[in-house]
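Below, chain A partners chain B and then partners chain C, in two separate complexes.
Up next, the complex of A and B:
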């Protein structure tokens, strides 16, 4: 793709990028002198960085429900206030900055349930109720047709209750509680094709 | 990781092998630099590229991709030949003294161990492991020779096995100059002395091979020989690439296990709960507790429907058919029309899977596909014209469910050091975005409702599952999930303190025994703790919670000698206070403190039935000692074993898939390796939509050494085409394109007298998002390790040519 520096700056806002990246690195974090505090009048929330497995602590500064800054948590014993380039940019997932340095929602972020019908060349916006109901019906249809209840092993009948017709992936991005329920749901459906990025 | 990030500060020598920690885990360098600043620690980087970690290292060791077992085997031989191993540690804490059956043997021509036989189902070989067993006396006790001189003892067998791994031979295999090899071996071996700690850290450059498990085993063998396990600054440290890949593994998002690292029931060997317990419970070691953990898991799953009369619901758990069901196998079944539906939770295999282009084609055989993600990813949009597909011909229904960002939801994330930390929510998710917890809860409730109303095939498997996580206002109550994972007493619902409270009789429920204790207090759950250590060795025992039992360094009994005196008194994990007659600790002890030190010294590796570290392991599918095999796509034949193929135990999924003939080796002459850059993340679908990161690393490139670039007439920034056998069919060679990055980071290596070039590509790009580029994994083969089926991403063959 062609991405010139000029078009990028229009997109991201150079002041915002420069201000946020001053704390990048693994040496002790320092505030840049003379920098205007973007974290004024914000509420602080602790979170864990979503990228690699170091598990750095991040403080998110939120004003009027909008994340305006994210920086290394100085109290966190592993990163002690420092972050890498990805961790420092984490708020970009939801907000990017316009030419005046004002946060605007990331235009690429998915915010609707989307559905692509067979043979179609586009997605249509749908609501959650429809999507959950329809997906549950698809799962049920596949499972009801393909579930193997018994298998004969060395002349002996064994209850196996499995389907090889559904694949289930992920995820290392999701929380422990989410993954626990993923596992539980997959096994309840009889799913045996299970994997995630521990292998990829 | 056996240790944790902060613990790196205690290392004397650190070897970064198969992982570019400065680039991919940048904050780890904070602790490595501290060790170098404060105790003059040395950093060795072993990698095919002079990467960012190499750039700040004391010593850089280049090697050809796929030759780590040879490099580490050479280190083992160097340690043994020069008697640099930690003798007391090896004698007391490893199976180096154990005698192996007389029939154990190794064929130096074919490179295989005794017991090799055909495995027609997997289209590969397998082993009968009878001759790999320990010799036992009439009472069933393992025979040992404390002098380690018996020719059948593990240490002597090891000397014989590694006889060929001389520096001269290893240099011919890896391409690393002999003097550099020797310098690195000498430096790392200095940690075999008591009081010194050597740390080996690695990532997918060790695991993603057809011999990946043996690479990891090699690291374990080195660390056992040098006495580096269990102590501060030591360890086998797998640096995890994602924020919760540790946690997702703990929760068994893998076909072959159920939560807490217990095997998934198999139809042939585990027809009943009793069969499972009899076969899976060893006679000694910590896993003797396994039935308690399994029954507690079944109680967590099936609640009041799990009773002693119905094997606690065991028959509702799906049983495996003996086949592989990991990524490669799943997609092969998809290509044959066997898999018709797929759910991907924040997973993008259309970019991150091996032979990704073929996988995208297979996706059109799906009837339905669900993708839960933050951005539109390549897996969901495989049917689009951008993917090279014709939408009209593809009948797959696709559902995209918009997810919440990490800071728009709460829950735990386990880092590489096994710290189960709490991720708090900072803001609401936009639009219709929802957390995966909400989505999975609502979706399963809907499915349960359908089965309750309409019935279906074995509806009980779904309707009997205990599922009660609703909170107020249509939200999901995460505390209910935490309670279930932590474990509770069935009678009154009170939380169990930790897994020592779990029972076999169904009186306790626990979703994952390893996590038990992480949420044992509703007011002050340990996972949410934020209290830094004021003084100590950096264990930070009141910061979050580490599994198991808040232990920060596992196997820490081995940090002290049999009498309880720490090998390194400066940073002791645990030490026996003779005057007070008790243990003192800087960590949670990994042993029974109520028995005398000399008794606990007999079983420092408590998870194993024999209680001692395995220099020799009969539990690895492809051999008890790590052995050098070439990658599946290799430019040379096996220099050590003339008739060896690539790992003979590795399953052959596809015919005519990897480079075999001399003609093919000429057609694809360059060794390709893939990797990551600090500005992007995995399949890139997040970071390729984040403008700050796109500015810093805007597009895909392929790294080529200066000599090769000159030879091919390629200049920096030129567009080049990269070809592999995976893109060749019926005389038609397809390619992917990228910009050339001509660099000094790569240099040609001399492999047994022949010059070989290495090229490198990041695998972050795809055709969706704000920054797009070719998918590097279109080139990589669908072959995997015989223990894990992890694909061989890090070493394959390719050709490069200039475009235009």
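Up next, the complex of A and C:
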């Protein structure tokens, strides 16, 4: 198309008129971005908040392995859909957003077993098999070494089969059934110092 | 007339700021680096990445300490000053009665922020756009409640149908008065022709940092009264200019042709 001075002016005039028409409101206001739900086509996972001992239920929306949203589970009896400020920001535990808004794995998150030997001043990276085996071995050693079979209670000797050298901590992030099993396991080993973080 | 409103019961607010975190989480707003200012109110200012915040106010009157807190942000006024002030028509009322900013039309002139009686419009210096609470419009149209009210653990934020929420607010005020708080009141029912955020306050609105009598600034009213017709005038003038140009050109063409014919 040959662009002469006149046709350019005509074109400019029509464009300006069209532009001013839109600002008067002949065009319906542009729908705000995000009218489609941000979490559509995501997979929902139920989980428990990892911060305090209340154990609120959370629904995580996951797309391509990245948590895009996390909010309170309305069907959970503990929080009934609500969350506190820490729980609301729990998606940042796994993914944080860089300057460009791209999700990147949180660099502060622990992904390995870290072991600090007694008397050492640094942590070493270990694998899970080693860690579980070591824990089991040490529990067994301590328990066998310190087990009291009999104790004097109210002036008479009774069978107690207990160890005072191990402390056992339950977890609010497990279900009641799981905590029941933990409790049974601790009792079976003779551990009597049993506690739980949800001591509210 | 708002279809769905949010009740903010300041007497039930414990200041946990779950609404603030949930807002940032849902709207994917970045955190703001701040310094301790002596109050739990943090960040101290609204900005493009802080659309809502819990406002803390402390008073010590005759040895009686009053610690007031409430969630504040865009009120989604029916008589919205920002909408009147906006020169490009970027701010509009949605079908749900909320006030939204069209990000494509916004030119970043910041008039809305200056006109807002609640001072809640933030400005994004990077994208040069005004940003404020959207009442989670994307959630509303998909049948969900706003992120802030979904997160509130104490029932301070309740989302629902307008009539139901107003009766709830009235019942709460009566309850507070029965308990001996004669300063309890509803805020947002008549202010700026009704807002989508209805407050139950335990004391005067000034004590919560809210304006006692929010008004659309007179300058904004005059500006919109002049500017509204002026925009139509501009369109008419441009149309007239094009028409005049075309007809004049045709006349010129004719005159040229006639001149050529005469030459021939």
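Observations, loosely collected:
What we mean here is this: the second predicted complex is superposed on the first by the 117 of 200 C-alpha atoms of A that agree within 3 Å, B and C clash if a C-alpha of one lies under 4 Å from a C-alpha of the other, contacts with A are read in each partner's own complex, and residues count from 1 in each chain.
In this section, a contact is a pair of C-beta atoms (placed from the backbone, for glycine too) under 8 Å apart; a residue touches a chain by one contact, two chains touch by 3 or more.
Everything numeric here is computed off the predicted structure, so don't read it as measured data.
Touch criterion met: A:81 reaches chain C, while chain B stays clear of it.
Within the superposed three-chain model, A:143 lies in touch with chain B and out of touch with chain C [touch as defined at top].
By the document's definition of touching, of the two partners only chain C reaches A:101; chain B does not. A simple residue count on chain A separates chain B from chain C, and the partner touching more is B.
Of the two partner chains, chain B is the only one touched by A:159; chain C is not. In the superposition on chain A, A:38 makes contact with chain C only, while chain B stays out of contact range. Judged by the touch definition given at the top, the superposed model places A:131 against chain B, while chain C stays out of reach. The intersection of chain A residues touching chain B with those touching chain C, taken from the two complexes, comprises 17, 20-21, 25, 70, 79, 82-86, 88-89.
Listed in rising order, the residues of chain A touching chain C in the complex are 6, 9-10, 13-14, 16-17, 20-21, 23-25, 29-30, 32-38, 69-72, 79, 81-89, 91, 97, 101. Put simply, chain C touches chain A in their complex at residues 16-18, 20-22, 24-26, 28, 30, 88-89, 92, 94, 100-105, 134, 137-139, 141-142, 144, 147, 150-153, 231-232, 234-235, 238-239, 241-242, 245-246, 249.
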